[in-house]
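Chain lettering (A, B, C and D) follows the sequence in which the chains are written, and residue indices restart at 1 in each chain.
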Amino acid sequence: MSIKPKSLNVALVGTRFMGKAHSNAWSRVDSIFDSAIKPVLKVVCGRDQTSLDSFADRWGWRETSLDWRATIERDDIDIVDISLPTHMHAEVAIAAAKAGKHVFCEKPMSITVKQAQEMVAAVTSAGVVNYINHNYRRMPAVMLAKQLISEGKIGEIYHWRGTYQQDWIIDPNFPLTWHLQKEYAGSGPHGDLNSHSVDLAHFLVGEIDTLSCQTARFIDERPLPATYEAATFTAGTIGEQKGKVTVEDTSLMIVRFANGAMGSFEATRFAAGRKNHNSFEIYGSEGSVIFDLERPNELAFYSRNDEPHMQGFRTILATDPSHPYISKWWPPGHNIGYEHTFVHAVADFLDAISKGNQIHPNFSDGLKTIKVLETALKSSENNQHLKVIQ
Amino acid sequence: MSIKPKSLNVALVGTRFMGKAHSNAWSRVDSIFDSAIKPVLKVVCGRDQTSLDSFADRWGWRETSLDWRATIERDDIDIVDISLPTHMHAEVAIAAAKAGKHVFCEKPMSITVKQAQEMVAAVTSAGVVNYINHNYRRMPAVMLAKQLISEGKIGEIYHWRGTYQQDWIIDPNFPLTWHLQKEYAGSGPHGDLNSHSVDLAHFLVGEIDTLSCQTARFIDERPLPATYEAATFTAGTIGEQKGKVTVEDTSLMIVRFANGAMGSFEATRFAAGRKNHNSFEIYGSEGSVIFDLERPNELAFYSRNDEPHMQGFRTILATDPSHPYISKWWPPGHNIGYEHTFVHAVADFLDAISKGNQIHPNFSDGLKTIKVLETALKSSENNQHLKVIQ
Amino acid sequence: MSIKPKSLNVALVGTRFMGKAHSNAWSRVDSIFDSAIKPVLKVVCGRDQTSLDSFADRWGWRETSLDWRATIERDDIDIVDISLPTHMHAEVAIAAAKAGKHVFCEKPMSITVKQAQEMVAAVTSAGVVNYINHNYRRMPAVMLAKQLISEGKIGEIYHWRGTYQQDWIIDPNFPLTWHLQKEYAGSGPHGDLNSHSVDLAHFLVGEIDTLSCQTARFIDERPLPATYEAATFTAGTIGEQKGKVTVEDTSLMIVRFANGAMGSFEATRFAAGRKNHNSFEIYGSEGSVIFDLERPNELAFYSRNDEPHMQGFRTILATDPSHPYISKWWPPGHNIGYEHTFVHAVADFLDAISKGNQIHPNFSDGLKTIKVLETALKSSENNQHLKVIQ
Amino acid sequence: MSIKPKSLNVALVGTRFMGKAHSNAWSRVDSIFDSAIKPVLKVVCGRDQTSLDSFADRWGWRETSLDWRATIERDDIDIVDISLPTHMHAEVAIAAAKAGKHVFCEKPMSITVKQAQEMVAAVTSAGVVNYINHNYRRMPAVMLAKQLISEGKIGEIYHWRGTYQQDWIIDPNFPLTWHLQKEYAGSGPHGDLNSHSVDLAHFLVGEIDTLSCQTARFIDERPLPATYEAATFTAGTIGEQKGKVTVEDTSLMIVRFANGAMGSFEATRFAAGRKNHNSFEIYGSEGSVIFDLERPNELAFYSRNDEPHMQGFRTILATDPSHPYISKWWPPGHNIGYEHTFVHAVADFLDAISKGNQIHPNFSDGLKTIKVLETALKSSENNQHLKVIQ
């Protein structure tokens, strides 16, 4: 048998959508990538024993725990994975860092800049590997965009257009889940979706210098879930009572980047027909790239350096071994899916631990995004174009 | 022979790109549409006799004139078509109205709100039919979007996204033509392209209540055309001297419509690969529509009223006899082109004269657009979100 | 005034769909192209004086005639344009050639190879310019495909896929017009649509050596038009009586080209949702091109010579001055339509007359296509793969 | 803890591309689906102990074996998974059936009809669950096509177009791997790719009654792999010697279905730019569907029952909980990938065992496909249209 790589034990906190996607990645990475570190799905933490048992059984977590704090302090835990609602990220991340654990944290990083700053301080002080899971950087097509930019194929960047549209709450009877309450989510699509777009803009274009933002709410009250519990935030059947929506339904921004590029951002949950339309367009002096998460394996690329009669947006199917991550997967033309971004993130996270490197976006990168988002909300309140203080 | 319809004589002022497109429309409309009025291509006005002769010969104008003012005052002229650079619209339009002529005026309407107001006053006082040629309203696919909205298929509108991208000046050696000088053009893509988008937004969504705008210039100086003459503004070969670009290269806006919808606008001449990408997306409570002028015969439509497993954006090829204007043209699947919008505009303009009706967008509609654009430039200068005073 | 080019008088025979499209082209060409010859719309020939008058008035034909034979023999007629149902092409074309007129003939050339051979003999003997109007060669995007092939960008061709799909008779109550009767049309989509595809394959790939074909009819009887007259073949309201459909509803072919490429053809009027889907795909050792008439201004092009991570099908918007015919029309991104192919054909036809050249496809090219189609029908009857004898 | 489902032990024979994809499915199914049976990755069989060890370690197989025959006869093996080159399917499948094991067999089923018949006889006699892995039936978008057909949304089917294009051997220096040798592969894309298309046509349209086929080879000799071994068939670096390609490079078919529909098939490995373009189009009296594996989560659907001005091909993103299999995966808009088809196949296979049902395509279905393919090769040799004897 081959020599086993070093093993590290993971504790997962949170068992909903992201808990599932993260579990899939931790359990899958070893078969696909040749990491020097083998992650062990050691403990999953939650609030309800029955559902914890079922979750652990399904995903292969060896133990369960109702006490996340005790768990992350266990000596045999090396990595803490935070898959919780946003308002709990800071508390768990800071505790994990203080316990000396590497931290893999779901996005958006936090509700406030202050929380994010404390999180950065904690991981910096602890010297642990830290990561905010803006997973879409790690779609091969997005990494290919980065590569083309680095190769000079796009030239000086003039324009960024980031658009993240969904429609899952367009029905006025969609219930008031935690996502729609400022207390738990911080904001609506501005934090949830724009945080992805801003992270991608930072990654691909650069820092944002100034911005204008306007947010709006289209539906002010929604039915409370009949089975609603503060503890679970789960949407079940709806009840007769209504509650106040306290986050925005859409957020639009115009920005100037430090390098002179102009950008726009639009995030909404009210775009009928758009399911997970995380799209960006980048236009530069030499060429352009366009990405749309609803066709996640494609990157459109235009080059002004092609012969004039042969210029056009080409659709690159980013499933070639020459494309990032792909050589580990399937032959050309065999598409990968949404969940693979998580596998890539976990692989790179393990690689960073193994090599003693940083992985990006780390907590410092995440803080920059939170600062942009917070400045934007001020801009919307004050109706002014504002400078982002990084 | 059939009874000839009434004839009206047209005088065209201007012989460049728009002069050509308008001439095509005046000469074509009679073969395709059954107008009660037959336009006669009577006089074309310009500055250079040689090129005027050639133009008249090519397009069938019966006479030429170097004196537009004398021409439009002729008793035998019924319609004045203004195909000039923006800064000359007001003078010619007001003179034509005072002479009692119907006025067909190219967009954007004017450089300032003040000019536009004077133009409205002139045509109102004269009681003539007046039209600003935001021709894209009259693509069948755009009219179909209007129809679907009117039928309630889109429901309450939440979002407008207007994007008008070109790349024709992306080369820093593209010369300093009149389009790039504030004196002649008023503004850059903000006036040229956003005026189209704002007109479409007014047509399809409603009035704009408040807005934020940011403009930017990417290239400050450009070579003067070697053959440059103030009189012709023609770009020929470039010379060694450079001059200052005095308009913006891009303009981005966020708006709130009076009806609560949120909108964004982006206009640029620096989007590599976009040739005439006049695109809009409208998202509502019942469905969505998307249009892109680079695929001008198509409208994408999404309906939330389809059965759930059958919902998707459908690409309607707007070439069916059930679609606006199409029954006059070719069988289904036989696409029409850019110039056909002008034929439709001319047909509707003649129809308005014949019936004593208004045609839209008229000068009052044009004024509303100019007000939005002027407010936007103030917003960009002051870095504030401003109310549009209509 | 500029020196007037030489004028030639045209006689048009036929006033239906093609009569309209041809009239448009004859009346338009002079404004757009700088031909050495100016066509004069002299006489239009038909069967009904009232509709002839209306047609002449609409399109600018100076005279009308109920006697095509007398008309084409007039000394002052230089060009005969045949826009009739297929079964009448041979008689008119041969008479026109014998009268020494240049012949512009609508496709498909004829019902039988024998007719086509007689037509070739007549024009050859007369030495007149002759043309079969497979107009789609003259879409700029198709000409661009030809150019890329000529430049070696596609390399050795391995595959041709020609697909021409429509759905206009999918309703079983669509009436029994002349198109559905062998006597008048010769065949169904095999002649009507496959003739276009075979012409394009000859143009872009080369000669067809052997083939297999299968045709099928889906609906055997259809209502007779209530207002049906043998003389007009017009579909009006349907009556209670039914008649036999005597042509096929679809035709499928597999071919080997003389150069070793393999090809397929599919033509149908029963493809729900396809309106005028004349599409081809060509795959070669260096690259590929794809065209679809429903997006007529686009050509998809793939190059194996791009860097591996940058390879993809690029959508070339064939509206650049570097593209065939376009410099005569509008700026980049301003699409042209279906009818423009006819303008190009007329321009090239006049150019051939002026220069004493051939234009392609001429009658000899048309004959080759008819031979392929006739061999294919034999293949379908005999269930055998057959050699095409050119 | 929840009650554990019944466990069954799997033996996998073959460790290349398909061995990897199957291993992924066996190890993944339990986390996503709630099968009554839990598969245990018990033994993997191969020829080389070192690579077997590595494979077992990566994918979680508990044991390895160099003797597949002994392994499948072990009492503790319940399921045999055959992931071998085609020429070995029959021997292993028949042995597995005789040993009373359920058989999950990769496609194409066999090299000859005779082999396939013996395989059917073996599993029928043994009464075991048997499956041929035409996995593309189990893309949600393909299952959705089936559902729409079953619901009558397509109506009477007139046309099938199956196209499976790749380009992985277009370089003449691609080496002579086992896929290119008749002895091991039976045929080229005709068996490899057309087998998928024929299976889909059987599934979605019905049985094929008669057909014409033409195959062709474009490159007759290829370099032998320098490291070539009969035992491994692996392409490594190429050597100086060349060997004969003994399979076709492309195969084209025209078919008549028993229900009257007409169909075409094209399979090639020489379509530059097509990576895994497994595409089909189905046109019926009520509507149409189009699928393309390069955009695997999408199904295009056209309905003639939409209002006329609203008809168009709609792109259904088949990631809604209302779509087949999706409720087990991620929220709407979160695409799945190629490998998920295998997970679905394994889930349904386990379900069939659990319930004592058949799963389709089973060996009998596979035999039908092999009969079509074998008849087609005869048609190509004899240049005749032939009846398929099922």
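In this text, a contact is a pair of C-beta atoms (placed from the backbone, for glycine too) under 8 Å apart; a residue touches a chain by one contact, two chains touch by 3 or more.
Quick caveat, the model's predicted, so the values are computed rather than measured.
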| item | value |
| --- | --- |
| Mutual neighbours - chains that touch subunit B and subunit C alike | A, D |
| Shortest contact path, subunit B to subunit D, counted in steps | 1 |
| Of all other chains, the one whose Cα centre sits farthest from subunit B | D |
| Inter-centroid spacing, subunit B versus subunit A (mean Cα positions, whole Å) | 42 |
| Distance between the centres, which are taken as Cα means, of subunit C and subunit A, whole angstrom | 54 |
| Mean-CA-position distance for subunit D and subunit A (Å) | 35 |
| Contacts with two or more other chains, residues of subunit D listed in rising order | 274, 302, 311-313, 317, 320 |
| Touching residues (chain side subunit A, partner subunit D) in the complex | 1-2, 4, 17, 21, 23-24, 27-28, 30-31, 53-54, 57-60, 166, 168, 274-277, 293-296, 317, 319-320, 330-340 |
| Subunit B residues within the subunit D interface of the complex | 144, 147-148, 153, 299-303, 306, 308-317, 320, 322-323 |
| Contact set on subunit B toward subunit A in their complex | 158-159, 161, 163, 165, 167, 170, 212-214, 216, 218, 249-250, 252-254, 256, 260, 262, 264, 266, 268, 270-274, 281, 283-288, 302, 304, 311-313, 383-385 |
